[in-house]
């Protein structure tokens, strides 16, 4: 006698209504995210290119005179581009090593009681709005820079004194701003390196420092590169904080010169600009956008190459 | 008459994890160029004891160790001991294979490199010698630069053995080295051990009593942090002196 | 799999459709959106000037609706005071003011997105050619300021030109201590800067070490930087900075009216077309400004009433 049992066929196959609804919702959300990115890219292209043709690509990208409101205006942003490149590079060169070493300290070296205090502090720092860093720059950094400037250029007839608002001030503020991001992400990456790798190194007679530099950091490489990418993104896109401390004159990016970045160029003149001037500002935005894309893509390629090596 | 020389001996060794008295008055001698197996049920302290021999327990927070462990007559817990030298002399292979996420070559060369050897041809020699010593050379000699993570479990464990051999230790501590491996890899590694004991002193923790009978010269039976019995392997398994040993090896508990 | 293929196609198609429709709107709204959303250190008394509901031909008697004013940061003090008093008199009218710069203000009134454009400089010919009316409502002095510790108290016109033109760069050449001059100004496009440079005939010849984007920022920078020099609108002066005498004349309303203080510029509240062609609320506002009460208001914020 067969015991009673039940059929395995149901009306909706293997996917219930809820599952299908969820699928639709996820698709719609994903769709909007993609839409946003695509629209921004398209918008930047549309608004940024007219000026390139009206003024001439070479004149804009390689001209060094920026006088948009003169009787015969010139829109050369070469120095501005150079400032963004050099300023961001310097901020990364300072911020990333300090950040990674701090992360190493927190993850590997510091006694637990110390990490309990320092880590929440760093996480808090990551959430501080950019403007605050700018205000700190004005209050603390600029006067110090000015004193330094007076000492270094005492008696100089060629240097234009900036009162402390210069490239170095901006770079220091930027480095400070990317520190929390770099530290947090690097620390997480370092912490997620499995303990057994450290044990293996120590069991071979390695010291803690050797273990950290030859095993842990290389193993955490992709996380650290992510930290660098995010830090770079924050540095290159920063406008508010550095507009208060960088002086905003268009000059060659020498350390003690008053300089203008791609971001501060847009922010300081957008509200007053009209006509061609405004279109050129959109072109600056397009160039900034292109920079960020290039940096992200190349850093991701470095990551991919690194991973491929491991296969 | 015992003609063996003692390589490592521990006397009155006590270990506390916080308030947990994990090792109680352990007195044990490991003989040169012999394989000694530690057996016992889970949590009996055999792995803990193994790790006191190369001071890997130092890394555990809240650990307290009393007593002496003599390596060639020198107390490894003495103030003057340089732990990096200690761990160069005493190598370790872990239960889970843990190769570094680097190439096979770099894994084996890691030890010599951190101890100061930079010369490329010297490193090449060491790598070849160690991989041969771990019976892995034939299988990987053509792909030394490929990532170690691409090897099978058994190959990775033999790589870890090669890595440990590369620093030319005198003692090899192996913590359940085959428990995560398939029977064929296990067999390959057990075959390896016979060769290893010609050059090294080996201590191996194992859950598998048959493995102990296959490869070990001496066996120590641990129970709740103490050594219940320590004897040449055939003696322990055929004529155990303690009832607890007999119960364990006949499978009444464990 | 066929099902996945159709899904991908549908999503791509929708994305393209959505993007093209957005792009279509984008072109039109680009200009106004930019002037709306870009705010510098200036403040706003009310958000969204985009809601410029001009109730044309409202019933006479009680005025109802809103007036939108966009423009110069220098005129903020005046515009705010004006709005408050006018709204008290006409409780059903809201005056929305936005401070984003003279250039943006004139452009806004030119393309109809604001009722009034505030400008701290005269209108250019091409702006007047667009039909924008230059209604001068007050005269403002531009004060030149320095930090409080500076020993120099007076500058001649030539000295001022030499400082901003870059030929003199140390205070000792002006009778002060041996201290470099930190030249501070506004960004290009600022009404104050345009007026300043025009009065000194230094258009496009000034070399600034700091180009700051609001009157407030200039005040703060000058106050905290020893040896600095900057220019601001007369009505924001306070004792955090030291004000220069120019040609031995103090910047006071009397001196400006008399013409002995030469650094002055008009405050313009521009409209598209004549005042008489505006809606009733705007007309009422201008009536107020030109009335005696309005002139008192102008004086009370430190400006000089236009005749």
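Labels A, B and C are assigned to the chains in the order they are written; within every chain, residues are numbered from 1.
FYI, contacts are C-beta pairs under 8 Å (C-beta built on N, C-alpha and C of every residue); 3 or more make two chains touch, one makes a residue touch a chain.
Labels paired with UniProt names: A = Phosphate transport system permease protein; B = Phosphate ABC transporter ATP-binding protein; C = Phosphate-binding protein.
Keep in mind that what you see is a predicted model, and the values were worked out from it rather than measured.
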item	value
Chain whose Cα mean lies nearest the overall Cα mean	A
Interface with the most contact pairs, given as the two chains involved	A-C
Chain whose mean Cα position lies farthest from subunit B	C
Distance between the centres, which are taken as Cα means, of subunit C and subunit B, whole angstrom	80
Gap in Å, rounded to a whole number, between the CA centres of subunit B and subunit A	48
Whole-Å separation of chain centres (CA-atom averages), subunit A against subunit C	33
Multi-partner residues of subunit C (at least 2 other chains)	none
Subunit A partner contacts - residues on subunit B that touch it in the complex	54, 56, 59, 84-88, 91-92, 94, 96, 98-102, 110-111, 113-115, 147, 149-150, 160, 163-164, 167
Subunit A - residues contacting subunit C, complex	27, 31, 34-35, 38-39, 42-43, 46-47, 67-71, 138, 142-143, 146, 150, 153, 157, 160-165, 243-244, 247-249, 258, 260, 267-274, 277-278, 282
Residue ranges of subunit C touching subunit A (in the complex, touch as defined)	7, 11, 14-15, 18-19, 22-23, 26-27, 30-31, 34-35, 38-40, 42, 100-104, 106-107, 166, 169, 180-184, 187-190, 194, 203-204, 207-213, 217, 220-221, 224-228
Subunit A residues within the subunit B interface of the complex	194, 196-197, 199-207, 210, 214-215, 218-219, 309-311
